[in-house]
Amino acid sequence: MTTGLPLLSARDVKVHLRVHGRVVKAVDGVDLDVYPGQCVGVVGESGSGKSTLGRAMTRLLPNVEIAELSGSVRFGGEDVLAMAPERIRALRRHRGLSMVFQDPLSYLNPTLRIERQLGEALRHLADRRAVREKSEELLRQVGLDDAARILRLYPHQLSGGMRQRVLIAMALAPDPQILVADEPTTALDATVQYQVIQTLRRLNRERGLAMLIITHDLGMVAELCDQVYVMNGGKIVEAADVFALFDAPQNAYTASLLAAARRLHQTKALGSGTGSAAP
Amino acid sequence: MTAILSARSIVKSFGGRRWFGAANDKRAVDGVDLDVNEGETLAIVGESGSGKSTLARILLGLIKPTSGEVAYQGRPVDAFASADWMTFRKAVQPIFQDPASSLNPRMRVDTTLANVLRRHKLAPRDRLEAEITDLLASVGLDAAEFHDRYPHQLSGGQQQRIAIARAMAMRPRLIIADEPLSSLDMSVQAQILDLLVSLKSSRNLGLVLISHDLNVVDAISDRVMVMYQGRIVEAGPTRQVLGKPASDYTRSLLAAKLVADPHIARTRRLAMDAALAPAPIS
Amino acid sequence: MSAEPSAVLPAPSNRFRTAAPFDLLRRLFRTRFGGIGLVILVAISLLSIFAPWFASSGPADIGSPSLQPPSWQHPFGTDSLGRDVRSVLLFAGRSSLTIGFCAAAMAFLIGGTVGALAGYFRGAFAAVLLRITDLFHTLPAIIIVLFTVSLMGASFWLQVAAVALAIWPIEARIVYGQFITLSEREFVLAARATGLSTFHIIFKEILPNALPTVIVQVALDASTAILIEAGLGFLGLSDPAVPSWGEMLNRGQEFLELAWWMSVFPGMAICVAVLGFNMFADGVTEMFNPRASATAPKLEG
């Protein structure tokens, strides 16, 4: 999977923010690669800078005062950080980067039905029927089989898990080459979280959709990712294949994270017969 | 052994009555019985909408149930005079999920603790500061550094420690913790968990732990109750409920649990794929 | 590995950063208009308090020739009674501003109490309080004021009471909203669970957290009060013994063509006062809840 050129390649990315007069080095020299079809995880605790990194790479930084924004994020031969805004928007509309955020309710317009919002993302299609068919197909791809009914609903009529999957469907609409997801399942219940993760996994394996998953949850990383970057204090402290990372962490911070997970019993499969209804 | 706290047939419905016809019957808690014994850890597991937080508030006496009875040391809470309530309040203390919002944003750490100590006359005026220092030390914080801080000047873990210090100030017999770890980073979760465990054992505290996190439940609780839509669907010793679950819902919760180990994750996936796949072709 | 505060971006819920008074002042001046508002309020208050020092003549001095346009001697001209408009303006400012501040304070006391009680205790008791609030709210301010004044006369303090009666429901609703939301917050639940007294919870736990919103509302109430008073005076219903900006407007209406300065300057004074209160209110809003402010820069993304 790591053959050929990376799809997305970040080099020495720095995002320094000015907060209440002080300069905060949110992201301080990060190198990162995502190869086609690969699922990469960026793991860190709060304050590590992982969210800021994700937003910088998709040019979605909030309107906070930026002291420095440097480095390069190469995608398809161009530098995302240096692109003109129209080019970024073009990328988001078709075959580029798509982003999925943590809280689906804030990113869906509560006054529009799902079909309108999905339709927005499919503006590039020819006619209404094509849009409708594609919308239904997208919803089915994320595991929402009752597509026709769901399209007619408003966001508040959907459960949290369904909303998140709609967001993922919207992110898939422009047929992106890479999906960047920031804590995509944190607000969800465990059972739903598991389903959404499996949906993401299927998309990655079956469609070959490259992914960058930003999370604090080691369980999600273990379930989904091939390659893991561990972030702390704005820097990448370790980068390794997922099995190598969990089996033999090289960095003390990574080791402490794994130790905490073990202390919280997150590394045990509970009871017998875990994972299937059959005993 | 009488239970410290017990609840019988607790029902809580929100939503009031419609103008004509029956009451709007949206039951957050729908007929729950439970007992908590001295020094025991009881976990209540459920997802959102299960009613676990509402139940916690009813057990703490913060909300009145629509019907049913909560009893402290065998005596029904409804029959309490104000002196009884003071005893109850000292004995049963909460810890909430979001530590930032469980502390008054405009109050310093020492003021928050002093208010509680003064209210219950737990320390004479000249001993107040010393008592606060001891309390902070017992939760692993240096009083000199933290006593005059405001909540926004503390990290999530430190805030939760203050909340625990406040709860412990009254030397309670039972702590009701509603998702005490969920808002915290993983490494901090482990620290707070250790703190709770050590306080529990050193003071023979009872603990009602409400959580959606089966790992933590497995780690520290003696008994588990699984809640779903206001009802208890399964209850029993932890080893039994999590090891050999009797109900499908419990099983689905266990199946959904993420494991921070890629090997186990892979094995599980292969097992599921095999279970779903039709007769092997290759 | 010790946990350290390391928020990368300021948490949006950090609205209530408590700080020493000077820090609060500094933050107010960092907002777009809050500092200007405060300066205006302080300036007009000082001018009013020290009116005798700033005025060139007493409020009752009618010695000068009447209806003179603005000149070096009388920068704002003279009115129909031969009084120096500038001097009268300063003295009138005293009553107008006093009505503004006092009516707002009374509205806060009445409305704040009603709102706090309804918001904390709820139930049937609160329902009754809220219905009474609504009743007063639906009556137009001017009707209440006219009714009170025509019944009981137009003495100064009755005016203040009348205006307070007109605006207390707004304050009540605001305080009610604050108490409803805040009493659900976990620190209030914790305070109840630790057995703290109701008095303590209302005044020491909830109220300090409601303060920013309340201060904003009181400032807005003051500006409303000044406008209502101006209306009253304009209609000739204010206490004739006490000069006020509204009363000056009333006097000026017949001479609008002859002596525009009799109306324009009190009108401007009212505008400045109202602007001052509103800008201050907006500044406080921006300090504590940036996205709710009309003038603060908006966050994107």
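Per-chain residue numbering starts at 1, and chain names A, B and C are given in the order in which the chains are listed.
The definition used in the following text is that a contact is a pair of C-beta atoms (placed from the backbone, for glycine too) under 8 Å apart; a residue touches a chain by one contact, two chains touch by 3 or more.
Values in this document were obtained by computation on a predicted structure and should not be read as measured data.
Trainee: Which chain's mean C-alpha position is the greatest distance from chain C's?
Mentor: A
Trainee: Higher C-beta contact count, A-B or B-C?
Mentor: More C-beta contacts join the chains of A-B.
Trainee: How many Å are there between the centre of chain A and the centre of chain C, using C-alpha atoms for each centre?
Mentor: Centres of chain A and chain C (C-alpha means) sit 49 Å apart.
Trainee: Express in whole angstrom the distance between the two chain centres, defined as the mean CA positions of chain A and chain B.
Mentor: Comparing mean C-alpha positions, chain B is 31 Å from chain A.
Trainee: Where the CA atoms of chain B average out and where those of chain C average out, how many Å apart are those spots?
Mentor: Chain B and chain C have C-alpha centres separated by 45 Å.
Trainee: For chain B, what residues touch not just one other chain but two or more?
Mentor: In chain B, 156, 185, 187-188 touch at least two other chains.
Trainee: If a residue has to touch 2 or more other chains to count, which residues of chain C qualify?
Mentor: Only 1, 6 qualify.
Trainee: Listing for chain A: what residues touch at least two other chains?
Mentor: Expected reply: 46, 256.
Trainee: Can you tell me which positions in chain B touch chain A when the two form their complex?
Mentor: Touch list, chain B to chain A: 47-48, 156, 185-190, 193-194, 212-216, 218-219, 242-245, 248, 251-265, 268, 271-272, 275.
Trainee: How about chain B: which of its residues touch chain C in the complex?
Mentor: Residue list for chain B touching chain C: 57, 60-62, 85-86, 89-90, 92-94, 96-98, 100-107, 115-116, 119-120, 150, 152-158, 163, 166-167, 169-170, 185, 187-188, 191.
Trainee: Could you pull out which chain A residues touch chain B in their complex?
Mentor: Within the complex, chain A contacts chain B at residues 45-46, 160, 189-191, 193-195, 197, 216-223, 242-243, 246, 256-272, 274-278.
Trainee: For the complex, which residues does chain C have touching chain B?
Mentor: Its residues touching chain B are 1, 3-6, 11, 13-18, 185-187, 189-197, 200, 204-205, 208-209.
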